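Shared between the two complexes below is subunit A, which pairs with subunit B and subunit C, respectively.
Presenting the complex of A and B:
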């Protein structure tokens, strides 16, 4: 999606678009691509095809070496990275404490599943509500200072949550061992998440993937709607020039807090899904390395675009789980890899690529794709 | 508890209190050394250095290699056939050599990492230095392995020393406090009483005006970065024997040091000292009284200070961005 402030949904409703439409009978391709229906539809198709392409398609999956479980994990982290990027890419605030929302929601979801209800939908709802409330409280304090202070403060609060879960609250969270008592029930009381989808298991795999995929599409639609609304425009205005936004009469602080809460809530959705996915909440989900990972994913994929961070999440997890040859689906940095060849170097290489992206392509891989696509179109004589 | 009015108990308790306070001072000393570098770089150059922990990491490993001879196990260096590594020149040599080494690393970092990014937004600086910190950490992990090395305290300071009232206290901790105090006074004098310090302080207030007066700021800035890095190197050397040496120590020391900067106020050396002592003492007291709350306590402290005084205890509003 484009970043130009003039091309928004409401601009399309008024005068300019009418003139356009009288001249051309059908909306142009580039305009159709920008429409919400197209974005949601394309996301649905992509999410539906992804596990098949990744894990079961004849040639592609052999090349990729992917597997079903990783496909859902990529979507989950994709939601997290997309939510994070609402803050970094669209509001210009760099949070180093998003692990608090991811891990906090994961713990809340886990506790909810044991104590209240094991319905997956309710678990996700509980985790998300917890993350939203937490974001409201933390944002209230952290947003008192802008720029670097915000990064440092969010980092500090994230760490505080980690240490809270580690010892003072270890009676509830099970401390160092992580929360192991997660109970995941059946979706709507009838679909067991571990079972394959009858008739469509070649395409989608398990009900769990359907559940995660549906929520992913929902989150993308929500984020797209928010960002293309006048409300989301204000986020971008704050990113571009906070002072000017303030002078125009906008309550910048309130918009920033709201962006923080939306971003934290999406991280909460992802964190709750992570609990359902693994039936386990590792303590590391609150550690600051988790915040660091989502930063890397978003920047690699490309901040300032909706789908870049999802791509970044996929790439990161792919390198972490497949290319490195580690079988366990755990957070990295927890055990030292002493494998031969690439295995030991994957984190270093990701770090170097990350630095290179910041220095050379601040718009990330997604931005690079768009540049290449625009270049090809120009070569073909097309008008951009 | 030590708040008992009975005479005998009070004496017994007093030594415990002083031991706790000394432990806190020692804990704070490491954070002070790292935080001063962070704080002056942030205050003068307006550059956020998330890779400052990596400088501490470099300082510790360099200190380990100069002081002792180690047998690398588990890293690539071991695979490549280096059975023993290190100079084994002793601790005093490390205390001289390592700050120089890290100073040079700091100069290189300013020239090739920080300077191209002075005009970029804060977030880009943070992201870049964060990426750099990961790269440095991973390089050490690959070379030396992820396991911990034992940085033995020098023989002349490894035992306990008998202090009046306190009783037996680890001698090394006193050295850490002493070395830190000397280094901090030196840096304070450098910034407050020399021409170089005058330029740096003026540049903090109004860089444009200083340049209009015909003073080139790029060299003082380079020096500030180098001095800040060297301080992290000193911290690495004196802190190395206190904790296990592994590739994660850099980031472990970075987060509390950022809190110190935030509590003390950006750009203020005395603020960093005050903040470091506060954090160190809070940690030490909580470890003695309510250990499970010790880590949470320092973050709560930072949150309270920031709510009450957003610019930090000794910070000034105009320096803070």
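Presenting the complex of A and C:
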């Protein structure tokens, strides 16, 4: 406002009106983009198109080398990273033990599927409830401390869960072999998750993808609503200045616990889907490297946004699953082999990608997109 | 009516007694200024009253009720708000959001399970935030990111945050520290105006004597944690003990 040029007295009225009108055109567009219907709608379209583009579309899929199963896996990790980021990016709390919720829910879902019901929806519900309760308990203790102490406490809890599953509880969890008795039934008793969707299998693939995709959209809608509720504002206030938040009369401790529970629950949704996706719970799902991976995904994608971490999850899994499959690195369009056994270096490649993104685009991939979009808009504005 | 009362309020850090048996009573509508040399325990006193620190001994009563065991946010909810020595704001949020957060806490209390309700449904929060921003002349800059404000405006934003909590008692810790003379004068005018408009009771910790004499009805002098003098500005000014301890014998 203050940087508007001052108008001369006689032009003030007309000029002011013009400025007002042109200014209003963009806000109405950006308001539409920010509306919930737009976000949920755009997410639905993106989720629906994703497996086709990734695995079956001409040219694009040949370049990407993607496959159906990885598309579901990216969405599942995307939910995990998005939930994790509610805590890191929005509330400013670095948890280094989110494997506890992901893996805990994965085991809970697996056990539930054998012991109680094999309905996919109920499996996800069971895993999520378990993760939420676990987050409540762990958060109650870990949130007593801030900063690095909080990170270490969550790490310690995560590792405790890992060792519990490895040895004392191996009678239930099947120890280091992972839980193999997962039974996944049919969705609503009639849709077999492994079967293709009749008529739409070219677009969506299997019922499993539909199931995972629908829950992804639901989770995005939920997270977006939370961020646009009073909680979203309070979370960011806590991130910005915890002391001030307390001294405007907010119960910071309870809001932090809620952030932890919401974040843990989303990790639980993802962990349960992971069990359904693989019909198996690997012990590594509780290991600290899983907690580390989700941190990397969130930072890679951009912690300042809701969608960034989903992109980060996509890029991470892409390098892990596709790039690692490339056997030889050749000079393009020739047969000259640059490096044999290229794929074996995928960790190194991921490291390089990570360093490049962080150095060049500190706000992650999403931040890069935003900058590009802002640049284009500025070019358009300049011409007018 | 006595709004705030402390009895024998004491805080020691190890062997150092920062606040030493302070008895203080603030009447509703009064403006009190606490002065004293560096390290006299002025900020510690504010931190004790707002429950940022636990007292070693003593009692704090607000509106006739003990708040000694309260959490800081509970004290704010009771009606005690404060500003900090450094502009304590939410730097990466807009000016309007800064005020909205404080209004939210005032309208909704310290905690609510409303994480699935869209914030467009909270018109009263937006309205009261705008009202407060208008009162401190920051409404025009409501879309500016708070950290981009000039220093004086940041302090005013902090005052807005403190006021948006709808306090009965406002504690200010050196509100004009680091300000230019013009900014200081503007701040004094602002404090006097909001005090009148909102019927606030004010406790001011301040170094700048001009500010103190302008704002305060009554002055409390702290020296080494203890109250050594108390009274109207003119009385305190003439007190030989105060001149000795605080003004260093210089005739004011």
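FYI, the second predicted complex is superposed on the first by the 328 of 384 C-alpha atoms of A that agree within 3 Å, B and C clash if a C-alpha of one lies under 4 Å from a C-alpha of the other, contacts with A are read in each partner's own complex, and residues count from 1 in each chain.
The rule we apply is simple: a residue touches a chain if its C-beta (ideal position, glycine included) is under 8 Å from a C-beta of that chain, and two chains touch if they have at least 3 such contacts.
Every value quoted in this text rests on a predicted model; they were computed, and no experiment measured them.
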Kindly say whether there is room for both subunit B and subunit C on subunit A in the superposition, answering fit or clash. fit
Touching partner for A:241 - first (subunit B), second (subunit C), both, neither: second
Scan A:156 for contacts with subunit B and subunit C and give back first, second, both or neither. first
Once chain A of both complexes is superposed, is A:362 in touch with subunit B (first), subunit C (second), both, or neither? first
With the two structures laid over each other on chain A, which partner does A:254 touch: subunit B (first), subunit C (second), both, or neither? second
Touching partner for A:141 - first (subunit B), second (subunit C), both, neither: first
Between subunit B (first) and subunit C (second), which, if any, makes contact with A:190: first, second, both or neither? neither
Across the superposed arrangement, the tightest C-alpha approach of subunit B to subunit C, in Å, is 11
If you lay the two complexes on top of each other, which residues of subunit A touch subunit B in one and subunit C in the other? none
Subunit B residues touching subunit A - in the complex, by the definition given at the top: 42, 48, 74, 76, 116, 121-124, 126-128, 130-132, 134-135, 138-139, 141-142, 145-147, 248, 251, 255, 258-259, 261-262, 291-293, 295-296, 299-300, 302-303, 306-307, 310, 320-321
Give the list of subunit A residues in touch with subunit C in this complex. 1-2, 36, 222, 225-226, 228-234, 236-237, 240-241, 243-252, 254-255, 258, 262
Partner subunit B, residues of subunit A touching it in the complex: 88, 92-94, 96, 141, 144-149, 151-153, 155-157, 159-160, 163-164, 166-168, 170, 288, 292, 295-296, 299, 333, 336, 338, 344-345, 347-348, 350-352, 354-355, 358-359, 362
Interfacial residue positions of subunit C with respect to subunit A in the complex: 50, 52, 71-73, 76-77, 81-82, 84, 88-93, 97, 100-102, 104-106, 108-112, 114-120, 122, 125, 140-141, 143, 161, 164-165
